[in-house]
Every structure is written in structure tokens, then in C-alpha cells.
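Data first, discussion second: the structure below is written as C-alpha cells.
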Amino acid sequence: MALSNKTGVFICHCGTNIAGALDVHKVVDASRALPGVAYAADYKYLCSEPGQQLILDAIKEHGLKRIVIASCSPRMHEITFRKMLKKSNINEYLLEIANIREQASWVHTDFDKATEKAIDLVRMAVAKVGKSEPLKAQAIPITKRALVIGGGIAGIQAALDIADAGHEVVLVERECSIGGRMVMLDKTFPTLDCSACISTPKMVDVSAHPNITLMTSSEVEEVQGYIGNFKVKVRKKATYVNHDICTGCGLCEEKCPFKVESDFDRGLSKRPAIYKLFPQAVPAKPVIDKDACVKLKTGKCGVCLKICPLNCIDYEDEDKTVELDIGAIVVATGYKPAKWQSMYNEYGAGRFEDVIDGLQFERLVNASGPTEGKIKRPSDGKEPETVVIVKCVGSRDPKKGHAYCSRACCMYAAKHAHQILEKLPGGRVFIFYIDIRTPGKGYEEFYDNTRKDGAVYVRGRISRIFREGDTLVCQGEDSLLGRQVRINADLVVLETAMEPAEGSADVLNMLGCAKNDDGWAQEAHPKLRPVETQVGGVFLAGVCQGPKDIPDTVAQASASAAKVIGLLNKDEMETSPMIAAVAADKCSGCGACEPICPYTAITLEKTPDREPGTGKKIERSVANVNAGLCQGCGACTVACRTGAIDLLGFRNTQILQEVDALWQ
Amino acid sequence: MAVDYEPKIIAFCCNWCTYTGADLAGLNRMKYPENVRVVRVPCSGRVNPQFILRAFRRGADGVMVCGCHPGDCHYSTGNYFTRRRFMLMRELLEFNGIDPRRFHARWISGSEAAKFRDTVTEVTQLIRSLGK
Amino acid sequence: MTNEQKQTLMRERAAALMKDGAVSYVIGWRETRFPGKTAIFFVRDEKDADMLVWDEYTIPLTAKYLTENRWPDKKIGIFARGCDSKAINRLISDNQVERENLYIIGLPCEGKKDDRCLSCTQRDPLIYDELLWEPENATGTSETDLQRARFFRAEEVESLPTDARFAHWEDVYARCIRCYACRNVCPVCTCRECYVDMHRTGFQGKHHDAAENRVFGVTRAFHVGDRCIECGECERVCPMGLPILGQTQKIIKTIEGLAGTYEAGMDPEADSFLGKFDLDDKDTFM
Amino acid sequence: MKRYAYFPGCASESTAKSTTLANEFVFGALGIDLIEIEDWNCCGATSAHTLSDTVGLALPARPLAQAEEEWPDLDIVTGCASCYARLKVTNHRVRTDKEARFIVEKVLGKPYEAKREVLNFLDILSGEDERKAVENALLRRFKNLKVACYYGCLNVRPAELTGVEDRENPQAMDELAALTGAEPVDWGFKSECCGAAHQNDAAFETRPLAARIIENARACGADIILTACPMCQLNLEMRQSEYIRKREDKLRGKPSFPLFSMVLPPDPNETIPVLSITELLAIAMGAGGRRLELDAHFVPVGNVISKAFRDENESEVFI
Amino acid sequence: MTEHETLNELMEKADVRQYDCYQCGKCSGGCPMSDAMDFGPRGLMRCAQVGSLGRILNSDTIWLCTGCHACVERCPHDVNVPALIEEARYEAMRRGIKRHDSDVLNKTFVSSVRTFGRNHEMLLAGLYNVFAMKPIQDMASVPHMMKKKLINPLLKPIHGTSEVAELIERAERWDK
């Protein structure tokens, strides 16, 4: 190596913290004798201003090329000393810290043995730094545009926060309007404010924001690249309506002769084939459902085209693919309610019209819903007298559903009970529960009030629901009484589990993000990095990461927006240079390193080369490390038998030198 | 066996858990034998079994590999590979006639300063009792 | 079918392939001047096909010779028995050869005069373009029918106490001459540059003594361990006759103890043991 | 012709008389050969396995082993849910539990490998070919006959033994009954236990089980209940007057006198006839009431059946 | 063996882990016999969780179970309560704990099978009514059954009666 080994060793007293427990001078003397060491000195506090100056002076004076500092833990001051080296002509990575405080002077009682250990630690550091090489942090340029996948309340909040900070945002939503699950709800617990009243203004904000490009009826199709430099393909599905001209007058919707079940109303009403998702939809313009439109299917009809005063209907519309350069991605794909019908035969498997799920109840009780807010049972439109609410349908049931708790059901079940008691005077509500979980501000109080309102909480899981004549009998155990109970109900509401939204697995796979066994997106660390993923530049917002209620969803959305803003505020990003590097000439392309990487940073790439011996032009596979993705764990290096892939800053030779130094 | 025999033990510790735990032991002024020399690595997954061979070849009396508990890896999966590699290596060392009591792999988290102290103490005593 | 008939078939097939120009050469076996020893032979000319042999001494593994020419202009023809096919699978999963570059002539094997055939469970080729004759036993030999335990060599050493094991290997590696024949013949040793050959300080010291040889032995075992196809070529070619197969057998045996049945080379798509993990892996690390 | 080794079960000789006759008729008409296992013995249900696991395994194993020895290629079929459960459990345990097989063979003194399946009538009649054969064999169709198909617990559970897909709302019997023109009603007690297992020793406790089944069948508009097990059949039928009388007493707020409630006949509008599925099939295939000895039923069935065949114009009277 | 160990052994034989149960009550809610039972399946699991073997063995729950498997079918954690009940019955019998008359019925039943190879419903019901001192139970049905020959007063044993008796003998001996 061309670089000189002229190493300077500096021993810190740390007051008496080090000097009081071991013989600093003996360490200095021993250091001086080590191979490569050109200078050794000690000082009371090396981290102090004069301490640092002492080192800088010594570098100049003695022409030092590498530095070893024996002091406190590198976790404490490694960064301090690296910064200090920036003022010298030595690369800041030609520095090793020997931890003689936390791991020697503080933990040992025998003065001589502690001294001996400190000498060993210095010897290891000197040996290692002798093999260190100058490293330069790489700068990755950052595209200042964020992509938010999913236009529910999480996506909306994240998009608004990022846009408000002055960055461009593309919000992609697969439905024809943003709003997600929240706009379907009637009221939100525990404050009982109207869900649409608080979410629709935000939707309008999104559409009006100069920094937000809204892409509804669109799906992310392909993601490539890495933090700061993603290339994303979005497919804009055909809407058959020219939204540039359409004013959303609604004539076509009125006149369309064909009606299908409304997904938005969860099958409780019908909507035309040309439709807006709901009256306050954003964008407030209709689209044609190509599976329902007779014109598109058979060519006969065309009523909407005839009626449209502005000629916006275009039956020839086709899907388009848009390519975007993106710097950061927020995943906000949300959830879907569990399909209880295929899980619970004992609840009728969907045979009973009057057994509905919580989201259907939201539509029933919603003033803009199919019954204009009157609670009527679907079978005959009668007002129910007795309503049974069943919790944990699909949740906390490893056999038929999911092992996890869906977290929001206890509270919205209480809300449903409250709404029933409010709207149906004389009505009775029984809530079957296993445990009641109300950890949240004002939550327990809300539950308390619902109970006082007269909702009867029965501790037990409903065992089965059957029809007897006109009523539905809910049979379960009141486990507090230890007696079986059979309740004749007019309406049964099943509070179903949340499941990852349809297609969320595809999105996560595309991004290279991990999922847990239940399909929820895996955060980088459950406590300390809750909105980040293992993939740099990809963040999580809302239920896609796990069941949660609206306050938590919005909080997490803002948190991920903060992370995105922090990233996009930079023009370029410095990555740690201590990452894996491949010596292409040694790499045999066996690919053993590839599956080890948790960040999918390693790919095998075809590299042009010449065949040894013949000189024939060939292409061979060589491992390639994506510096934007690699986090520097070094697990790959062990898989490489030849040592072609190595970890900069912790090279095989460096660690071997440390080992060897101990027994020289 | 000489009474004053002091074994030299090398410990490969991951930066995020065990090394932090060792630092915490220092902050708490816990006391343990001087025999262990720690090599800092980013992740226990970085520890090549060949490092262990090298250490024994050079004359190490004992070798330790320590990292985050399974599931807690800073790099999410590194220690799962550590686990497989060293479950194999341990057997192979024993097969080659190296006393398995001289090689230890342990999960020690950043908060388990006491576990670090106890492990080091215990391993040192064990190896001291084995002699050279 | 007798060996002679089989041999005739092989010669005819190799000649035909060469004549058609379908392959640039065919890898098989020929006789040597030593009775009972055959050598790998490249049929490069139609008329050389008559030199091919098939008898109880056609022991060497053909597969490794595929790495001599990784970027062939034409397909390479290769005769492959069960063991060769496992090796070919391994070479494919290690990205060392490409399946489409090979024309594999499968030879169901009746077992050769070699120790490794006593514990063979895969007589029929797993991967081939054509089979030259009827399979021996499509499902392989069942574990109970084996003439020798799968991990016989490892078990020999395991039965010794720790100290005696150390002495055993001390004795073995004291005799090792570090000729690297074991590495050269191994179908899973395919690095562009083997770690032992690196000129700068690396994992392998250059001393030639029992201790350093031992490091080589254990490292080699670890490098090939979870991909070892148990062909036993390493032990067969050792000029010092060292019983080194135990090292890799021990690794596979340990893997089986940790993760259940394990056999490398059965499927070119399968990940090797150390290239994956299971959240529920066992450990005794506390 | 399909052949099965047939295990009739003890009830076939006594209380399940009309069902047994119907079975013979139906399988005869379908050309399915039921070969009675020679000198079969009681399977022990439901007492033997309560007393001893080994006796509970040994009793069913004897006829099963006998069938295996004599007709190694035939599946075993039985018409009783209790027998079905015991035979099936024994078969399953011998297959999956080495120790159980060892004990069974030791006690039995001969080999038994449980090579063939144990089936019930619903299993074999719901096969594709059999359903076609049933359709072809029908001579008349019911009109306006609403049936509540009662499967009983042991014909559907445990799931891993019976393989029934939807244990809460099984369909096999409904589909068979629908072939005859009868309308299966959607009701809630298809696979709820009727308590037959304890009809003697815990009579007081099990009566409500059957009572609830009958009530739900009536509430869901059924004219008759169909069964697939002689135990259920007897339990649902024999004590109907007792349940109904008791309920009436309870509604009137009077104390219930058991003897009194048993002897007094209940209101015929409150009772509901109970037939086995094979009886229903047999009737539709043309078997007369006398031939099937339908008068042996505790609750008269004649009226309901004849009403179901009567058209507005016709006045055919059954029996 | 302590009671706790006995309980654990029972659980192990039944292949039931008491701590799998989280007391949701879906079993008792669906149990047809729940109204008549003192504990019901959920209660029984609770007894097992708190280690009260005595309560289990002395309960009438274990004798009233009809083995219909509705509880296992719906249990979110697949707790096989009937299997536990079966083991508990054996243990209760070993200890001579009597509840209800099921042992009277069961013994009468098995001796009937021992004697005739098959079970005679009339004989069984008759003998049971005598032993259990319930003379009038189901008597109202007898005239109808006699008239329609649903029950046959003639007791006809099968050929292999002695074989069956020996079989039962051997099986019982095996248990000991």
C-alpha cells in the first residue's frame, strides 16, 4: 500500500477516569514500541478543545498518516474525532478508537492487568488502522418529489404535510376518488364528530394544493431504483370520461339506465354504471365502470354520451402508463374488512341478510347512506328493536381468522351501540366481547358512557347465530354468569377484523418491503423506527403497517411525512462509506451473498469481460452493491468464500489484524 | 495448571447490542475479569467463522461471538445467519477436537450490561479451569 | 444390459453427437495405462469416441470439467451419473455453468468399485437431456438398504473422545501436503481465485505445519459444507490418503440435526442452508 | 354394481325398523349391494369408550377387521351416526397411531390395518353417480313438502374425521331431499346435538336439546324433520309428546308431572313427524306405507305425506 | 404423584394445553348441554388452568358431555375439550367418583354386549330403569313399541358372543 503507516497514538486520561485505574504512561511507552507507530502522547482530556489541538499539532509536526485514540467508547466520541480530522490532511476514516474507559478502566479493579489490557486494545487498534483505507462518503442526489400510495386519510395527511413543506407530491389512488375508508364512516369516536365533515375538507385541500398531483383510478405498476432516485411506473386506468372538460354536472349519472351494487355502500344500495364514488368525491367527476357499462360491453346504449352537454364521454379511452422520478415513497394502502362470510359458517356464512359487518352499519347509520341515516334492517326495512354486536370477528382467532387484535373494534363497537341507543328509542343493544380494550385519550370514558346509556356488555364470544322464524338467535355464553344465553336479535352487527388491503402485498413486494406473517408491512424497528421500512426512502403511514384507529393513523402519516420532508430537504444525501464493496476481479458470480442481504442491495449484474486465456469477449455475472441501499451490516461478506465482497471500514484483513495483534 | 494462569479471550461483539451492553457495564462501573478483548463489528452477521479459526490458530484460550437477540437485529436479519453459521461452527470445532467450552456464542442486548458482566466472568472462570 | 453394451451405446451416442456437430466435445472416461484406473476424457473428434469406456472403474466425476470452458461457443456434451448430475445442479445454482450450454447424457449407474458408491442414494441422474438406458432405481436406494452409513466417516471420528479427536486431526493434518487436490477436484469449489492462493495476508497463513493445515482443512469444509454433494472425490484424490470426508459429512449431519433432511444438489433452485434462515431456527446460545 | 360391507348397528334390529326396511328398498332400487358383515357385534357406542379406551377401540375393531379380512376391497358403510363415529374413530386411530394399532391387534388377536374407509349413507348417496341413480329411480315427486334436514352431530363432526366441508350448514341431505321435490328449509339445528347419547342416564338434562330442535324446525316452517341416524330418529320422535306437553305446562305456568305429560297426547298441530332420509327416498321411489311399516312411527306421518302428494285436482291418498 | 402432576398427565394424554384457552366462552356458548352443566367446557378449562383437578373430576360437566364436538369445531385455539373430558372420566372412574347414573348405564350396556354380542335397547332401558330407580322413565312409549314390534322381547345372541366377551375381557385387562 502506498499509504504510509506512520501512526500516531494518543492516550486520554479522561481526568482520573482512565488515569486513575491504569498506568497511562506505561500504555504510552508500550504504544511507542508498536510497529508503525511514529508518535505517542497522552493528555488529560483529548476530546476537549486543547486536546484536539494537541492531536492536530502532532499530525502536522510528525507527519502522521493514521491516528489511534485510546479513550472512551467509540460510540461516545468517534464522530467528534472524525470531525476533528477533517481539519487535518488525514482522511477521517484512518482513525481507530481503543475503548480503554468503558471496557477497561471502569470495569477492572487490578491496576496492572487493566494496564495490560489497555495496551492490548491499543495494539489491536494500531494493527487495524494500519490496514485502514481512506473512505469518502458518497453523495446521492435526491429527486425532490414524493409518491404517496393510497388516498385514504393516511395518504391524504401525508401528502398535505409534505406538500405544505414545499415539496412536490404525487398521490396515487386506485379508486376513482380519494377518501378511503374514513369517508364511509358516519361518526368518529370518541368525540362523535362527523367523519365526512372532517375528512372532505382535507380531500378538497388535496385537489387544490399546487404541490399535489392527484392520480385517481391509478395503480403503481413498477418501482425501481433506490432512496432519492426511484423510477415509478403508474398505470392510469381508463375512465372513459374526459376530466379536463367534465364539470361534474351529474346528468349522465342520473340518466344511466344500468345499475350495479355499490361498493361504497357495501352492497346496501345501487349505483349507475357511470358514477362518482360518493357525492363529495374528489375529483368530483364521474367515471365509467367498464364491467357494468353495457355500451362498453355490447356497444349498445350510449345514453351518457348523448346526454352530456360537453361531450366528455370517450368510449375509446385506454389505460396509460406514466413514468415518474421520485425521491421518497409513502405507503398508505390501508385495510379491508375481513371476509367473515368465508370464515364463520357458525354465523350463517352470509345467508342471513340481517347479519351485517361494521362498515355496512356505518353506511346504514350514515345520513348520506342508503337509508339516509335511519337504522333499518336490510331484509325487510324494519327498524330493529334488539341489536346484537359481536366483536372480534376474525380477530383474536388464530384458527378461523387472525391471531392479532384489530385494535379499533372495541371503540367503534361502543360507538355503534351509542348510535343505536340514540336513534332507536326503546331499542336494546347487547355487545358480546372477550376483553374490552380502550387505551386512548377519552376512550375509556366513551365506553363508560355507552354502558351507562344502557348497552348491555356480555362477556363471551358468540358461538353461533341461527334463524328461528323471523328472528336471529344469537347463542353464546355470558361467561361472567357462567350461563348460556340466547338472544333474539333483529339485527346483528359483526365487528370484523382489519386485513391488509387487496393488492397491498403486490405493492410491498414491488418496493422490496418486508411483511409480517399477517401481511402487514414491516417497520424498520418496532419502537425506534416505526414509520421507516428496511428499504431506504420508503415510509409507512396508517393501517398498512398494522391495525390502528384514525388518530393513530393520522399521527403516523404526519410522522412519515416528517421523515420524507427531512429527506427531500436535502439536495443530496451522504451515505455512510462503510458499506460492502465488491472486488469484481475476484467475484465468481456465485450469488451466495445475494440472499443474505436484508436490503436487497446486492444484485448480480452481467459485466463485460474477457475470458482468461483465450481473451474472448464474454459477459459474466458479478455481484454489485447498491450504495443507496446497503446499510453496512457485512453479513454478505461471510457468505463470500473468496472474500471478493468485503466491508469497507471492517475489512477481513482489518479484523484479522486485530486478532493477530493480540498474540504477537 | 498454574494458579496464576490468565487466559486471553477474544470477543466479537456487535456494535448495536453487545458492544453497547459492554459500554453500559462500564457506565454502571460493573466489575469483571480483564481477560476479554473486544473486537467491535457492525453486526454479529459480520463475524466470519474463519476469524474464530484464526484466533484459535494464534493461541486464543477462548473465543466469544455476541450479538443481538434473534428478532432484535439492527439490520433485521443478520443474527439469524449468525445463528446458523455458528451452530454449525460450534459442532465442527468440537468435531475437530477443540473443547466446546472454549467457544461461546451469546445473545446480549444493549441493556443487558449485567448479562455481559456475568457471561464474561463465567466464561473466564470456565476457561481458567480448563487450563492452557 | 452389460457394461460392454452400455459402453457401445455411449460410444455410438458420442460419435453421433460429434458427427452432427451438436456439441463441441463430449466429456467421458477413457482407460489409462494403470489397470483399474480411468481418466476423464474429452471426445473432441468423432473417431475418438471409441476410446470411451464404461466399467466398474469409471469413477471420476465428470461435472467439474465443465468449468474448464464456461463460455462455450457450442453446447458441451457430458456423460452424467446420479452424482455427476448433483454436481451439475450445484454448478448451475452457483452460476458457474448455464443449463442451456450443456447437453447431458444421463447414465443410470450400477455402482462402481469405489467407497462412495456404498452409501449412494442417487444412482439415476436428476437432470439430463436423454437417458442412455433404463433407470436403475427411479427413487434411489432407500436409507436402510445402504451398504454403509451416509455419514460413516464423520461417525468414525465422533466416536472418539475430544482429546483423541484433536490428536486424530493433528495426525491427519501433519501429513497433509497442501497440494489442494481436494479443492481442485471438488465440484463446488469454483471461486475465480481460491482464498488460499491470495498473495496478501488473508485468511490462510502460508506456514506449512499441522496447525495451519488444520485451518485450511476446517475452512475448506466450511466453504463447501452446506453445498457439498457428498461425492467423496476430495478423499479419493488425496495423494496422502487422508480421511478428510468426515469434515463435510459432519457439517451435513449437523444441518440435518438442525433443520431436518438436507441434501445439496438435488434441485438447482434450492437455497443452500447458510443462504437462508428460519425464524424458528434452534440455537443453544442463550 | 357398487358393493359395500354393511354394518347395520343394533338399532336396526329394533327401534329403527321402518328405516331398515327403507334402507333395503332404496339400496335395492339403486343397485347398491350392501353385504352385511357376518356376525357383527355392537360397536359399543356410546358407553364402551366412556368406560375404557381399549374396550372402546376393541369392539368396533372386531367387525372392521372381519370386513377387512373377508372383503379387503370394500369400504364399510353404516346407517347409524353413533356407529359411524365409533367405527371411524377406530379406523382413524389404527391408521395414525402406531400404539393404538398395536393394542388393537394384540387384543383382537389378528391383524387390522384400516385399509378401507368407513362411510355413512349420506357419503355414498351424495356421489355423482348415486345422485343420478336416485333421480332415475324416483317414481313420484313431493309437492309443498318442507323438510328440515337434521344431520346430527356425529355425522358431521369432528371435521378431521368426517371431512364434511361446512359443519354448521351441511348440504348433502338437503340436496338428496331436494331431488324428491321436497323443499329443504334453511334452519338452525342441522348439526346440533340431540342428546341421544344421554337419553337414558340424563333424561331430564337432554330433553331440552331435542325440544329445541323440534321448535326450530317448526318455527322455520318445516313439515317434517329428516334424520340420518336411528338414535336421533328415536330421540326426536319418541318423546315429542313429553316435550311439548312440558312446554305447554310451562307456558300455562303449571307444574309439570312427568307421567301425566307422557300419557296425555299432545296437540297434533304441535307435533312434527320425523322420517329418515332413506324413508323419504323410498316413498318417492314408490314404496308404500305398509311396506315400510310407516305406522311404526310414534308421530303419525301419513297425513303429511299424503298431503304432499295431493294436487288440487287429484285426491290421491297415501296409505 | 401430586394432583398437579396428575392433571398435567391427563392434559398430556388428551393432547390439550390448558393455557391455549383464553376463556372466550365460545365453547360454552355453543354447548348443547351447557344449561345443565355446572361448569361447561369453558369452566372446565378454567379449572384446568387454575390446577383444580378435584373440581374437574367431581363435576357433572364431564358426565353430561355428549361428545358432539361443537366446542372444538368453533374454538379459536383448537382446544379439544372432549378429549380432556374422556381422560377425566377414566380418572374419575379410577377414583370411584360417581356422578349421575352414567356408570350404571355404561356398565349395564357393556354387560349386555358381553352377554349377547349386541345391545338390546329394551333390555338396556329396562335394566337401567331398575338399577337407577327410574321406573317410569319412557314407560309411556312401551305399549306403542310392543304393538309395532319395535322391541323384541326375545333375546337372541350372536354366534360369536363368547368371542366378544373374551375380547372385552382382554381389552379390560390391557387397561390394567
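Think of it as A, B, C, D and E in the order they're written, each chain with its own count starting at 1.
Here is the rule we use: a residue touches a chain if its C-beta (ideal position, glycine included) is under 8 Å from a C-beta of that chain, and two chains touch if they have at least 3 such contacts.
No experiment lies behind these values; they were computed from the predicted model shown.
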Practice item. Determine the set of chains touching subunit B that also touch subunit E. Key: A
Review point. To get from subunit B to subunit D along touching chains, fewest steps?
Key: 2
**Study point:** Centroid-based (C-alpha) most distant chain relative to subunit B
**Key:** D
Review point. Which two chains have the most C-beta pairs in contact?
Key: D-E
**Study point:** Distance from subunit D to subunit C - Cα centre to Cα centre, in angstrom
**Key:** 64
Review point. Rounded to the nearest whole Å, what is the centre-to-centre distance of subunit A and subunit D, using the mean of the C-alpha atoms as each centre?
Key: 56
Check your understanding: In whole angstrom, what separates the CA-based centres of subunit B and subunit C?
Key -> 36
Point to revise | For subunit A, residues that touch 2 or more chains besides their own | key: 346, 464, 596, 639, 652, 656
Revision key, fill the gap. Among all residues of subunit C, those touching at least two other chains are 203, 274
Check your understanding: Among the residues of subunit B, which are close enough to touch at least two other chains?
Key -> 48-49, 54, 77, 81, 85
Check your understanding: All pairs of touching chains?
Key -> A-B, A-C, A-D, A-E, B-C, D-E
Point to revise | Touch list for subunit C against partner subunit B, complex | key: 154, 157-158, 162-170, 203, 205, 211-212, 214-215, 218-219, 221-222, 225-226, 246-247, 250-251, 254-255, 258, 273-274, 277-279, 281-286
Practice item. Over in the complex, which subunit C residues touch subunit A? Could you list them? Key: 70-71, 94-96, 190-195, 198, 200-203, 223, 271-272, 274-276
Check your understanding: Given the complex with subunit D, which residues does subunit A contribute to the contact?
Key -> 345-346, 348-349, 351, 464, 466-469, 473
Exercise for review: Give every residue of subunit A touching subunit E within the complex, in rising order.
Suggested key: 346, 392, 396-401, 434, 459-464, 475-479, 482-485
Check your understanding: Where on subunit A is subunit B touching in the complex?
Key -> 73-76, 99, 101-104, 106-110, 113-114, 116-117, 120-121, 124, 514, 524, 534, 578, 596, 598, 631-635, 637-639, 647, 650, 652, 655-656, 658-660, 662-663
